[in-house]
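Shared between the two complexes below is subunit A, which has subunit B as its partner in the first and subunit C in the second.
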Partner chain A sequence: MRIINRKPSRVVSVALGLVPFVATITAYTIASHYRRLENPADKLLPSLESMGEAFWRMAAVPDRRSGDLLLWLDTFASLWRLGTGMAVSTLLALLFGIAIGFIPHVRGALAPYLATFSLIPPITVLPILFLTFGLGELAKIALIVIGTAPVMIRYTAQAVLDIPREMIIKAETLGASVWQMVTRLVLPQVLPKLISCLRLSLVPAWIFLISAEAIASTSGLGYRIFLVRRYLAMDVILPYVVWITLLAFLLDRALLLLSRRAFRWHHLGGDAL
Partner chain B sequence: MLKSIAKASLLAAALALPLSVPSAQAEEMKDFKVCWSIYVGWMPWGYLQDSGIMKKWADKYGIDVEIVQINDYVESINQYTAGEYDGCSMTNMDALSIPAGGGVDTTALIVGDYSNGNDGIILKDKTDLADIKGQSVNLVELSVSHYLLARALDTVGLSEKDLTVVNTSDADMIAAYATPDVTSVVTWNPLLSEIEAQPNATKVFDSAGIPGEIIDVMMVNTGTLADNPDFGKALVGAWYELMAVISSDSDAGIEARTAMAEASGTDLAGYDAQLATTKMFYTPADAAEFTKSAELPETMKFVAEFLFDKGILGEGAPSPEFVGVSFADGSVYGDQNNVKLRFDPAFMQMAADGGL
Partner chain C sequence: MNASAKLSVQGLSKFYDGMPVLERVNLDVAPGTFCTIVGASGCGKSTFLRMLLSQEHPTRGQILLDGKPLPAEPTPDRGIVFQKYSVFTHLSVAENLVLASEFEAAPLTGKLFGSGKRKALDDIGELLERIGLSAASDRYPAQLSGGMQQRLAIAQALVKKPRILLLDEPFGALDPGIRLDMHELLLSLWNDLGMTVFMVTHDIHEAFKLGTRLLVFDKIRHDPQAPEAYGATITYDLPLNKPSFGDRDPQDIAGAIRAAGTPGQSSPSPINHP
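Up next, the complex of A and B:
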């Protein structure tokens, strides 16, 4: 049988999926072991135990200075920024995406500008952002929005354009108004695609969040990582990286689940990652 | 399945090997690498490499020394701590918290200068240090700026609880100061003079108020230095040859200072202005004398207590005395059995006595 037709059983499939994870942890443990033979206090590759201790300390032991549980404080601050930023981006994508995709005059006015604007790397205009939005929460959320919204708007507009022309003509024949077509035809077609787009945009959103927190802040996952980097506390940084990865993974899965539940018709087509 | 696991772990081991190569083995070496980052008192390191003075001294001892500039200060210390470099320029405070705190036994080979006004606190529209109470203060948290702030607050009976510290990247400090919500910053030169030049800015405290506490040092790996004294001799010899040139107003001195000014993005006048707020130790005798001074252990005590208070000495540290620091007279501050930072004027003394 050709290899493309040989399908692993459920068990083998799970085991194969675990191999790269196990290999990474093994490689880390070996490297860490040898470095600590040389210097027991090595900060670069701390042992799994010391990372566990550091994670526990951040999560469950109140900070000596402020009395806060740092991990939860940071997680809450970061998720709030990310959530607000992505909510604004999604709303913008919905409003502008449908307007651009559905109304030719709006498309003519905004599409070229948006295409240009979405190409500006947001990090390069940071000083302008500071002057406009200050240095507080607003600037961080603005960075996330500016970084993700243009691409999401373009993606949504394209999704509207991808709606088969026949369906729109049919709706018009049946006498639907523009508003009725937006609510009954465009939204059901576009919303599940917007969720896929949101899932993909979370990746750059996390990057912008962490960069924003590195610039000026008093809490946040990115803030903590850049702060303790000053004394090479990899025992805090590595668990934080794993934690961020886990949060991002859970968010992604939650959105997928939402999409499957809310937009069944979109998921009739088969496999999805 | 089992086979693939075996294969994967083999591959993993192969990948892990380069990371685990011992960094500072006790053995004689021929090739050495030290790193530095841009700062007024460290610009000579770049010039030593470019002018060939370093090569001259390295050749004299039959070794090879490469001086590498790293764009990010903290990254340069991390690279040294990870074992990539045999020496690195850093402050006394960062030497205690990063390499020494990370178990890398480190020796202060060349005490180059101390900040004498290069670090300062600036208030917007206010002129008195006590006005800082209740404000948000933008600074690079856990850096010497943070230390300076803590020491300054002591002088007016305030503490960090009376204000909010906002961690701000040094790269964005000038842009940050231009925004309305930023009312006070703590930073270093050349950013300091740039911000101070703005009309509403007043410098209310600077490192001249705590002379000799923010010290800039070429730190080297103690093990490497002990096994290869020639490495120390070559660095010290080259450094003080250049110091003699820089401190003079001869053509060679002006040429060297101009080159260093350009390398740090300013001109001769700008560089000389920064030198004026830096107490350089131009002669090895001065540097050795400072290293032997009775104030140094006192300073390191302040620094260790500051680091402990901020939780930087490691959460496992039961007290500020967790990491030992040894001084010229053999006295030790902190744990005698865990001495990881050593102030040893031996090589500077050798240069002073003409023994190189």
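Up next, the complex of A and C:
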């Protein structure tokens, strides 16, 4: 049988999926082991145990100076910024995306401006944000919004334009007003696509969050990584990177689950990833 | 039940980018007529239907409904069934059918809740039964066969009791066996409701079987050097009397139409039939 027609069973599939993870960890452990054989004080590739200890220290032992559990403090601060920023972006995407996609006059007025605005590299705006909003939370959230909202608005507007014209005309012949078409046709058709867009936008959102925290902050996952970098504390940095990855993964899965639950019709065709 | 409409088309022309698609179309249709429209691909029959729907507007001439110009945009007095995308994919069968009454009853949200919703759902029970979708009322369109989807589309288009029903190749994507069921459903609904029907079809047999009046769209003039120079118009306007249907052989008439169409041209024959 050709290899393209051979399908792995569920067990084999899970096992195959685990292989690259196990291989990476094994390779790291071996490299770390030999490096520490040469220099027991090596900081670049700390052992899994020392990383575990460092993670435990960050998560469960109160900080000597402030008395805080640093990991949870950082996680809460970062997720709050990320969540607020993405909530604002999502709201903007719905408001402007639907207006631009559904009403030709609004499209004529805003689409060229938006296309231009979305090409500004968001990081270049960061100094402006710090200068105008100060070094507080607002500048960091604003960076996430500026970085993600334009693309999300454009994506949403396109999703509205992709609704088959036939459906919109059908709604008109059923006596719908523009507002009723928005609530009963456009919104439900667009929301599952907006969730997909949100999942994709979380990737740049994390980049903007960590960047903003690295430059000016007193808490947050990005702040911590760039702080302990000064002490070559790879035993903290690596677990933090894994932790951030895990948070991002869980957020992504939660949104997928939400989409499947709330918009079952959208997933009937069977979808991947 | 609902009064059907007298429709009058006067001197209608439609140009796209200066190219004529339809020219000098004149037509008067008595209330309750079942008009079937046939013609070659690209002869403007779907454009004609879209103008009846106000989805597009005539370049010249006018369409009068009971003596008054058509509204400038689609309205509930004209129902429409497209070949596809006719039903709302995010709504179940029952929700698709109650949507129109929800629009009417809830101007702000367009959605009914609680007892209002239950009442609306009860009201469509008979309709569901009639289109044979009672058992499938909770399913989404993606979970229905093509025939079931089109039955839903027809029922949905008739919920508002339109005076004119427009059908744009509604059965084009269906199997022959399913088509026969659809014909029966459509004819019985038309008998009961008495609306004026315009149906575009590629199937000449279907056009003869269903219609009380057959309209053939074709180009009268044809310039081989500039095939786009002239638009199409109604070349045949045949009243079809149901009882005398047997006298007319669709094949003969189809042959006559083809012969009269664009003689000696390599362009596709005006009527495509199996």
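Annotations
The definition used in the following text is that the second predicted complex is superposed on the first by the 273 of 273 C-alpha atoms of A that agree within 3 Å, B and C clash if a C-alpha of one lies under 4 Å from a C-alpha of the other, contacts with A are read in each partner's own complex, and residues count from 1 in each chain.
One rule holds in what follows: a contact is a pair of C-beta atoms (placed from the backbone, for glycine too) under 8 Å apart; a residue touches a chain by one contact, two chains touch by 3 or more.
In this text the structure is predicted, and so the values were computed from the model without any measurement.
After superposition onto subunit A, the modelled positions of subunit B and subunit C are compatible, with room for both.
Judged by the touch definition given at the top, the superposed model places A:P164 against subunit C, while subunit B stays out of reach.
Of the two partner chains placed by superposition, A:V14 touches none, neither subunit B nor subunit C. A count of residues in subunit A touched by subunit B and by subunit C gives the higher number to B.
After overlaying the two complexes on the shared chain, residue contacts for A:P188 are found with subunit C alone; subunit B is out of touch. In the superposed model, A:G269 makes contact with subunit C only, not with subunit B.
Shared-chain residue A:R35: touches subunit B; no touch with subunit C.
Using the contact criterion defined above for the overlaid structures, shared-chain residue A:L135 touches subunit B, although it does not reach subunit C. Using the contact criterion defined above for the overlaid structures, shared-chain residue A:T173 touches subunit C, although it does not reach subunit B. Once the two complexes are overlaid on the shared chain, A:A115 sits clear of subunit B and of subunit C alike.
The overlay of the two complexes leaves subunit B and subunit C separated by a minimum Cα distance of 39 Å. Across the interface of their complex, subunit B is touched by residues 12, 15-16, 19-20, 22-24, 26-28, 30-31, 33-35, 38-45, 54, 57, 63-65, 126-127, 130-131, 134-136, 214-218, 223, 226-227, 229-232 of subunit A.
Taken in their complex, subunit B has these residues touching subunit A: 1, 4-5, 8-9, 11-13, 15-17, 19-20, 22-24, 74, 77-78, 81-82, 97-98, 101-104, 138, 140-143, 164-169, 172, 175-176, 178-182, 309-312, 315.
Listing the residues of subunit C that touch subunit A in their complex gives 53, 55, 73-76, 78-80, 82, 84-91, 99-100, 102-104, 107-111, 140, 142-143, 156-157, 159-160, 162.
Put simply, subunit A touches subunit C in their complex at residues 164, 166-167, 169-177, 179-181, 183-185, 188-189, 263-266, 268-269.
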